[in-house]
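Multiple structures follow.
The same chain A turns up in both complexes below, where it pairs with chain B and then with chain C.
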Partner chain A sequence: MSDIAPEMWEPVARDAAQAEYIAAPSLTYWQDVRQRLWKNRPAMIGLGFIIVLVLAAIFGPLFSPHNYYDQNLKFANIPPLFQTYEVDGTRFFFNSGNFNLYEVTPEGHVEGLLRSTKKDLIKKQQQFKFGDKLVMMDTAKQTLTLDGAPLEPTGWQWNRSNLFGTDQLGRDVLARQLYGARISLTVAFVATLVNFFIGVFYGGISGYLGGRVDMVMMRIVEIISTIPLTLYVILMMVVLNSGFFSVVLAIGTVYWVDMARIVRGQILTLKEQDYVAAARAMGASTGRILTRHLLPNTIGPILVTLTMLIPSAIFIESFMSFIGLGVTPPQASWGTLTSEAVETLRAYPYQLFFPAAAISLTMFAFNFLGDGLRDALDPRLRK
Partner chain B sequence: MTGYVLQRLGLMLITLWAIVTLTFFLMHAVPGGPFTSEKMMQPEIQAALNAKYHLDDPLWLQYANYLKGVVTLDLGPSFKYAGMSVNQIIAEGLPVTARVGVLALICVIALGVPLGVIAALNRNRWPDTLVMVIATVGVAVPSYVIATIALYVFALRLGWVPTFGLDDWRGYFLPVFALSGFWISFIARLSRSSLLETLDQDYMTTAKAKGLKRGQILFKHGLRNSLIPIVTVLGPVTANLLTGSFVIEQIFALPGIGRHFVLSITNRDYTAIMGITIFYAAVLMVMIFIVDMLYLVIDPRIKYGARK
Partner chain C sequence: MSLLSVKDLRTSFFTSRGEVQAVRGVSFEVRPGEILGIVGESGSGKSITCMSVLRLLKSSGRVIGGEALFEGRDLLQLDDDDLRELRGNDIAMIFQDPMTSLNPTLSVGEQVMETILRHRKVSRAEARQRAIELFELVRIPNAAERLKAYPHQFSGGMRQRVMIAMALSCDPKLLIADEPTTALDVTIQRQILALLKELQSRLGMAVILITHDLGVIAEVTDRVLVMYGGMAMEEGPVRDVFKRPSHPYTRGLLASIPNLRDGTHHRLKPIPGSPPDMLRPPPGCPFAPRCPQAMRQCVAVMPPVFPIGEGHDARCWLHHPAVAALEATP
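For the complex of A and B:
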């Protein structure tokens, strides 16, 4: 204690004006939200991913030399990365899934199938002639030998013709992936929008009118929310037949209940506010009060519900497509792509990677963004 | 209390009726009859079939008959499996679905809650981070992706478990894991945040100040209060375990109700679709009812009926 200098005990001069000074800039609610969201790294990464994904889905197919429906069975199940061999100036790779040798250019373009000169089905061997050299393929052991000695690979090569490889019908996986993103995202966004309108409309009316109308409307919501909704999406699909619009319609008309509840809860507390009374005193109509005064003030919770609805719509769509009730071939969504990859899982397990990664990363992105938004919109978490 | 239970039962019946009606009319709105196929059918056979399944009756009579059937627990004959009734299909698939589903539900509670508790008690230390990373992955990756990856790694590559069927007890591992993965993660996250909130409460400080043991504080004061939101989601969890079984049973080739349901959809077996939907809905409603009654036990502060 003794080493504190005596002047430290002097009282500090107080300045009344200084005490009133506002050090931090005054922020509106939305500026504050934006700032806090901006600082939330996972949420911003999620948002960035979603933007990139949307851009890729819109513009990606335009730049792709392939389309999503052209089949070429000669080039089926080609991997994105392979080990090349070189014999007598010919570069090729061995596709162990379908026992074919494909010729590859030095740049990595897949040129064509190499024809075997002799097939021995009993010994399970195939012969390939390269000039005077003979390559034997043992289909049982899945090995290649050159004049009796094991053939060593020359190195790894990326597939330049099809960056993500091809599927079981020889369609370009990248093109299908981008197209699948288009379908999945469109379904999710449109269905969410439909849910949004129904939910806001229903919840708004129920909350604003209150009383008996509210009671009846909320009872209906209560009944709907005990119904297993996935079942109803499935039933709708049975009635409407598979296809893009059916999926949108089925998902869009079923998941609005949460939205309706949230909007109603908000409206119930907001409608007692003085500014609503003022608006009514000035003769504003119910519709005007709802759309101009009440709904804009409920935008926060609505926004959070929306960002949570989109991933669940993506998920439901892929779920439906996976069990064969989604979009019809050759159209692709992430669900159909996954189920197609499952069919060839035993021979080409890597085909599962792209659709599974696409859908999982998208779910991550939306979850992070939703969590971030919820935190940013909650004034109680303000520091 | 009794009034509340009766009210809930009444609402349940109304909901069930709404589901039966909605399902019935949805299925009858499908263009084409159940026996429409590419092959031309003799008009006599068509007429005989229609007569056998009462498809000639006016719609209201069919509806009345169907309602009567549902009330007497008879869901009618299957259109596609000759000689099989929908009841038989359900009875055949139920044991499989129930076994996998109940095991999954046990896993969800027995793994999800402790994981969340461990995370909450070690807030911002490595066990918390680890649990949250696992939980985030579990929530984001769809169950069918988890199922296929697990199938490839553990069944095809390592050969530890059979690839399909439940003849071997090891066959249960993957379906149960894939089915419960999402909800274990979800419950872990939920119980973590719920327990964290409870730990901040004043009565926790009081309990500590009174000199109670750590375990006692956690179990008597902390857990019991933070369990309430977890019980709330158990209803939806059951619902999702049931619908999740569609995909899981398809991937692992299990002969459960979910697989029968998907099959009846691809076969356009309308009575089976209707019957299984109604059966699912009924099971769910009973589950949600049980969960609501569980509230009363866990949280004595809730007095149902008193609010009226």
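For the complex of A and C:
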């Protein structure tokens, strides 16, 4: 046996103050939630993506040399990646969509359009002169020949002037994309906020008052939700004229029904809780019970619904813009970018890639985050 | 002059199955500074009686008759604003389960201060000071620090102390404690009861203590009201009722508490049967089907209240002069 110091056998000094103190380091609810969310990898990736996206949407356009509205038809439809040729010290690439040759600097900046020296419209040939060398372009076969022999490309080059290329009016796609992110995200956040306020208070009042009030309020919700929401939004947009404000208004006034239902369900179960009766017994008013005691306890499901509402608002906005009811040109949203890209889909299919990727990646990110939040906010899932 | 005087209170719940008559004409009085115990089995209507008085019934419940005079004002007729002013200020309530009676998203200090700020014209700092005093009053250690804690950081006993602090925050004249110790373990029950009793005598408020534990009644209360089937079966001073239980139901309750003190081993006597269906209450005495001394009269006609002694009444046909005369003759 190891020696035990004699003072260890002395009686413990009692501290009455500590008698009922639960000493375990207890985390508050939100610390716990944060820890669980942190461990959820898809949710964190989603959150990271959303943060990067928001920062890019806010600050990106400030650093871009281009803006979303300047047109330059000379530089229309330039791809983000092209095959370069070199003849007599001049680097250029061939844009097969509009039969133009563009001069490119060694770094990959697009310098300018090369003028053909001779056009033969019957043979469908164009002639370009580089020093003493002649390059023939066959517009029908879409081939380049140098002195009769096929011209070999020197390699691939990223477009450094317009990272995502340009659209059919020569506007920088990246700048428009970032600007579109501003519009799309603003629409989504504002519409979600409107949904949040209407839904939470409507659902809260309906659930708390119950009885006949609840009956009438929920029937109204049912009437709104039986009309296909997309149809309803389209009808509203037709009446309201298209534009940023009306998109927000249309989405905001229709999509709150889900939120109202969820909040009502939560309140219905929560209002039977003892602490609500206790608060009433202490003289708290209805409004106070609702805002102080009931709604803070429904914050979990509300938060999850909000994160799930954002992607659907983005999607609805994109859809509206896609069918031409959204923001008006030259303003861009991801939806208008998509619809513009669809117009030139056959010649430049890659133009569809960026807005489509932006929409779907954002939807994924919000959905992953929403899923993660739902898991993190549910204490029963604690491991 | 009594503080609270309840006369012929009737409360029903209107459910899909029909009208459940939870309280059927209960009358009692609470005098300033006294502790009234209301005792009875689950479903006897004791909690509903008090909830009716404060009008805290769930949506399907409705008071259909009677009056509840608090300092001369009928609580059942008061408008909502005046009633809210009164709740927590003049009449406070403690609930059965301290684990669910506190809002998990607010700190305990915040919840105590909320009641103070609701009823007193004081600044937040003053309310905080008052909350600290209250925490010290109910013996929560490190009061100032524990104000910031959340309910889940407290044990059941501590939460009940918080509830008591909250109830006492505006010096109520009447405190209704609805089974305040039922959800706690035995050692904590003692502490809470002792605390309640001490605070009651120190602050001079009246208390209605609802319980199903006659031991608690014997220990803490001045007068007792025995309820069964939504009615008062017997009412009187505690000593008198324990010495001379005048209703078979009271006798049954007394026989079913274990007595460890006198050393003799005798079987506990449970009361056979179960409480009546309040959807279709029997026409006679509600206890008649389970009563060992039931007579035909008991089943057929509701017994009136017979005086037994000084402030001691029982609702039982056994006290009818004719029955006494019958027993006298062999």
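Here is the rule we go by: the second predicted complex is superposed on the first by the 358 of 383 C-alpha atoms of A that agree within 3 Å, B and C clash if a C-alpha of one lies under 4 Å from a C-alpha of the other, contacts with A are read in each partner's own complex, and residues count from 1 in each chain.
Operating definition for what follows: a contact is a pair of C-beta atoms (placed from the backbone, for glycine too) under 8 Å apart; a residue touches a chain by one contact, two chains touch by 3 or more.
On a predicted model such as this, the values are computed, not experimentally measured, just so you know.
Novice: Which partner does A:I223 contact after superposing on A: first (chain B), second (chain C), both, neither?
Specialist: It touches chain B, and chain C stays clear.
Novice: For A:M282, is the partner it touches chain B (first), chain C (second), both, or none of the two (neither)?
Specialist: It touches chain C, and chain B stays clear.
Novice: If you stack the two complexes on chain A, which partner ends up touching A:I234: first (chain B), second (chain C), both, or neither?
Specialist: first
Novice: Output check: A:N72 vs chain B and chain C. Expected answer is one of first, second, both, neither. What do you get?
Specialist: Touch partners of A:N72: none, neither chain B nor chain C.
Novice: So, does A:Q31 touch the first partner chain B, the second partner chain C, both, or neither?
Specialist: Neither partner.
Novice: Taking the superposition as given, does A:P296 touch the first partner, chain B, the second, chain C, both, or neither?
Specialist: The second partner, chain C, only.
Novice: Classify the contacts of A:M363 with the two partner chains as first (chain B alone), second (chain C alone), both, or neither.
Specialist: First partner only.
Novice: For chain A, which residues lie in the overlap of the chain B contacts and the chain C contacts?
Specialist: Comparing the two interfaces on chain A, one with chain B and one with chain C, no residues are shared.
Novice: Under the definition above, what is the set of chain A residues touching chain B in their complex?
Specialist: Touching chain B from chain A are residues 222-223, 226-228, 230-232, 234-236, 238-239, 315, 318-319, 322-325, 338-339, 341-342, 345-346, 349, 352, 356, 359-361, 363-364, 367.
Novice: Quick one: which bits of chain A touch chain C in the complex? Just the residue numbers, please.
Specialist: Of all residues in chain A, those touching chain C are 16-22, 26, 28-29, 210-211, 272-275, 277-285, 288, 292-293, 296-297, 299.
Novice: Considering the complex alone, what residue numbers of chain C touch chain A?
Specialist: 54, 56, 58-59, 84-89, 92-93, 95-97, 100-106, 114-115, 118-119, 141-142, 150, 152-155, 157-158, 163, 166-167
Novice: Give every residue of chain B touching chain A within the complex, in rising order.
Specialist: Of all residues in chain B, those touching chain A are 11-12, 14-15, 18-19, 22-23, 26-27, 29-30, 136, 139-142, 144-145, 148-149, 151-152, 156, 239-240, 242-243, 246-247, 250-251, 262, 265-266, 268, 273, 277, 280-281, 284-285, 288.
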